[in-house]
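One chain, chain A, appears in both complexes that follow, with chain B as partner in the first and chain C in the second.
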Partner chain A sequence: MNRSSMSLSRQRRARKAFRAESAYHATGLAIALFFLAPFAITLLASFRHGTEARLPPLPPWPANGISFDSYRSLDTFGAGVWQHTFNSLLVSLATVALTVAVSVLAGYGFSRYRFPLKNVLFVLIIATLMIPFQSILTPLFIILARLGLNNSLFGLTLVYVTLQLPFSVFMMRNAFDAVPKEIEEAARIDGARDLKLLFRVLMPLVLPGIATVAIFAFLNAWNEFLAALVLLSSNEKYTLPVLMMAVRAGRLGAVNWGAVQAGVAVMTLPCLVVFLLLQRYYMRGLMAGAVK
Partner chain B sequence: MNETGVVLTDIRKNFGSLEVIHGIDLRIAEGSFVVFVGPSGCGKSTLLRMIAGLEEVTDGEIEIKGRNVTDLDPSDRGIAMVFQSYALYPHMSVRENLAFGLKMARTETAEIDARVKAASAILKIDHLLDRRPGQLSGGQRQRVAIGRAIVRKPDVFLFDEPLSNLDAELRVSMRIEIARLHRELGNTMIYVTHDQTEAMTLADKIVVLRDGRIEQAGTPREVYENPANIFVAGFIGSPRMNLLDAVWLGNGRVRVAGSEMSVPVAGEGLQSREKVSFGARPEHLFVTDGGEGCIPAKVDFAEYLGGTQYLYCQLADGQPLIAEYRSGPEINAGSTIALSVDNNQRRLFAADGRRLT
Partner chain C sequence: MAGPGPGKALPMRRRRRRSQWRGLLYIAPAMALVIVFFVMPVLFTGWMSLHNWPLLGSPRWIGFNNYFRMANDARFVSALRFTTYYTVIVTIAIFAVAFPLAIFVEKHRRFVGAYRTIIFLPVVVGLASASLLWVWLANVDSGFIGPALKALGLVEKSPNLLATFDSAFFTIIVMVVWKIAGFTMIILLTGLQAIPSELTEAARIDGAGSWQRFRCLTLPLMRRTIALALIISVTGSILAFDQFYIMTSGGPQNRMISVVYYIFNQSFVSFNLGYRAALSIALLAILVIISVVQLRLLRVGEDRP
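This part shows the complex of A and B:
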């Protein structure tokens, strides 16, 4: 009697735990689906036949078999999708490289060196975040023109790096500040100075910060539209967002929705790849065992 | 032990307009173990960091083995330092941590391997060489930090409170380890601590610092038995020396808490009735039946430690006093006792803190 009531209560507890667990996973699954749905719908829709693309979007998957029509028609816009993807990749990767290089050195300097007007300078750099980018587009255009860098991908890269730096320098200064001073001092006693100290000892410790800066720089450069539209003028130099604008505007009033979906898929993919590649560096705990 | 290992000449340090080290002169014999002690903020760590080259010297000169190193880079001074927080490189294995300094100095690989092997054998960390610091316990990390210092074969080892992050038991065993290391390696070692026991047990020479000045430098015995002033008397020893308000009566006699007693002090220059401080360590106080020179005291609290017992007392004029009581009938809180002081261990300090002889 006693034992059976005990097993009954145990059963009840197990059932309750199971229900709680199921609810937890169901909620998680629902949220995951909610976030994944747009990607899935876009990707599936981009594989529909050309004739199908103009029909209402339900069901969202290709009903008459998979086709690459949309990608083929996307390639007919501008200088071809490969050229524009290449432009975008070039600008984005160069932006990442330059931003990381400058912000690591600047963050290191602001964090570890003492020099006059250090804090004023730092506040000035951060303060530029408050200037709306659109308001300096005209001056930027004029400066680039004077430098002979208008309508050049390098010029565009420089603009992106400039826009990206305040946040990145701030981020890297914080990352270097978080590295215990004793590690640097131990390295100095071991004979590592300046750049050697930076690359051999400190850099591996600020990798999470570098990953964050790189992700932001890549995404912002990859997705940027207005500056690319204003500063670039020849067809073969346009980046993907500008191409997408042309695709979206359509020809003779007819929008090729299949091509739009294909373009969105092409634009999303590198962002996902970059994020998935770098997100593991987000993880903390690299500092474990350094001090204490 | 005769040749001079480290010489500090009129060392000064300013942070902005604030002077924190006020002209320190110190000679450290080669091969000796010197401990800097003092309350927090006394400048002991700053002084050590100046010897290491991590802190700029505002004024003065530092010599190591006869070489002026005042303006040299830390890595060129022939020193190695062990930090309180270990400061291991978290992204490197133990082996890489040990080898890093040698690699920076472009030492040959075979030589690096040999030195790493030797150091890890001395410290018994050979089995940990491929682990990361994050996978080690506190004691193991401290061994690696010491190992990193050993492989450099420095002229001088600098320790900045290396044991403060360890638990009590580990601290004792690491203390013995460091003493053994000093005996085996024979290098000059400079050690900063606020722990009395570490200072007393490890040091050949204790340097007591306060507010950026040396209060006294001497062997542990000298500092303990013959403190140069009232600060050193109160700082060295645990529990601390009892320092009681007293009045100089002349002719080698003082009055303490209403009782008169003689002191082994000439008292030159002292005026009769001048206020002085009377010092006696807890272990030099004895419970007696009373008599000439005894101080009556009321026991507030008795602390039983097994081998010994500390009596926290209050004197007739309200001054607190701690006495050590080793054996005899049990004494409980609330009882009244009479205390006498060992004749040769009675110390007297002037109002300005200087020791009277």
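This part shows the complex of A and C:
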């Protein structure tokens, strides 16, 4: 009697737990659907036939067979989608390389050396975070022109690197701070000095920090819109987001929505892939920013 | 710098000075970039703001006239008002979504990692891409939202979401929440996870209900995190540009011109560079004030954990 009532209550509790679990995951699926659906709908719709581009994506998958018409029509804008993808990639990868190089050196300098005005200079770099770059675009435009870097992808890259510096230098200084001094001293006794010490011995130890800095540099440079819109003036130099303005404006008052879908796919997929592959390092950077 | 390394015979002081200069050498590239592409432009902006600065021709010193003009510029005032309105509404919307999400993904259950990742996905794509995506979804004839509502029989005719101020504003808010909520969620999650579970357990044993626990325990303990998330959301929203430029081109009757959008128009459409610089300084001042308030808020959070 007693025993059966106990098992009954246990059964009831198990059923209740199961129901709570189901409700939890039903909610979870609904949430996931909301956040995933826009990507899925766009990606699937971009493979419909060109004749369907004007029609709403109902159903949101290519019901009449897969076609690359949307990507072909995207290619007719600007200097062709390959050129603009190449521009975006070039700027993003150059931003990554330069940001890593400059912030590793600066992080090492701030972490290991003492020099006059050290704290003032560090605060100066971090303080640029407070100032929105949107407010200094005109002088940037003029300064780049004076340097002969107006309408140049390299000039844009330098601006992007500068925008990445506060976060990156902060990250790299902390990464070097976390390396025990003993390792450095041991290497010094073995005859490694300065740059050799930095590259041979310390670099592998701060690699996770470098990965974090690189991911943020890539995503921010790849996605940036306003500075590229302002600083690039000739068609063949446009990065993808600026090219998409021509697509968005349309021709003769008609927007080719197929090309918009294809463009969104081309712009978002690299970000999603990079994030999913290197999520751990991305989250580390986010946490470091949130906690500090 | 060349030559043999510092030998033992080298006096201590000289050696230290050498190492001092070496430190400066390491940070030199970073400093050069920050000075050329940040400090100089900021100073230059201040200098320009005191001039009548046409695109062509020589600038003329006019003192603080640009600033006086700003106070009487009805369109700037309305841009400020719109930006404030947007910032308040979008911040409330983001928190209303992100807080429940953070509580949702804090539990240790199966698939919770997948949920976190999926919710976070829109954060890593650009705001420009997200705006483009949603301007298509919201399109009246070729999009998804309107036609889908019609197909479900919820409306008679597909609504043109971007045609009126209210529906366009609502669409942009939904887009931004979709794009940003995951970010705020992760920030809030770090705060939630920092609360010792013994505390909530003790409160539960003392008979505090779940709402009571949330209000009297969770919220006060998360002050610092909430302040941080709030500041990031507010500063980001004040600088909003992409979504208005791409989705509504300034909106029905030019009612969606944000401050950054207005500054953009002044310099790259009207070529009013001196006035633009004064507007930029105003924007810069607003953000610096917010950052200072932020530091205050965070410090207050430290005193009373």
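Throughout what follows, the second predicted complex is superposed on the first by the 233 of 292 C-alpha atoms of A that agree within 3 Å, B and C clash if a C-alpha of one lies under 4 Å from a C-alpha of the other, contacts with A are read in each partner's own complex, and residues count from 1 in each chain.
The rule we apply is simple: a contact is a pair of C-beta atoms (placed from the backbone, for glycine too) under 8 Å apart; a residue touches a chain by one contact, two chains touch by 3 or more.
Nothing here was measured: the structure is a model prediction, and the numbers come from that model.
Using the contact criterion defined above for the overlaid structures, shared-chain residue A:Val201 touches chain B, although it does not reach chain C.
By the document's definition of touching, neither partner reaches A:Ala26: not chain B, not chain C. Of the two partner chains placed by superposition, A:Ala63 touches none, neither chain B nor chain C.
Legend: residue contacts after superposition of the two complexes on their common chain; A:Arg188 is shown touching chain B, with no touch to chain C.
After overlaying the two complexes on the shared chain, residue contacts for A:Ile125 are found with chain C alone; chain B is out of touch. Judged by the number of chain A residues each one touches, C leads among chain B and chain C.
By the touch criterion defined above, A:Ala14 reaches neither chain B nor chain C.
When the two structures are aligned on the shared chain, A:Pro180 is found in touch with chain B, with no touch to chain C.
Where the contact sets of chain A with chain B and with chain C meet, they give residues 193, 286-287, 290-291. By the touch criterion given at the top, residues 52-54, 73-75, 79-81, 83-91, 100-101, 104-105, 132-136, 138, 141, 148, 152, 165 of chain B touch chain A in their complex.
Contact residues of chain A toward chain C in the complex are 21, 24-25, 27-28, 31-32, 34-36, 38-39, 41-42, 53-58, 60, 101-103, 105-106, 108-110, 112-116, 118, 121, 124-125, 128, 130-140, 142-143, 158-159, 161-162, 165, 169, 193-194, 219, 222-226, 230, 241, 244-245, 248, 255, 257, 260-261, 263-264, 267-268, 271-272, 274-276, 279, 282-283, 286-287, 290-291. For chain C in complex with chain A, the residues that touch the partner chain are 5, 19-27, 29-31, 33-34, 36-42, 44-45, 48, 101, 104, 107, 109, 111, 114-115, 117-122, 124-129, 132-137, 139, 141-144, 146-148, 151, 158, 178, 182-183, 186-187, 190, 225, 228, 235, 239, 241-242, 246, 260, 263-264, 267-268, 273, 276-277, 280-281, 283-284, 287-288, 291. Those residues of chain A lying in contact with chain B across their complex are 180, 182-183, 185-193, 196, 200-201, 204-205, 285-292.
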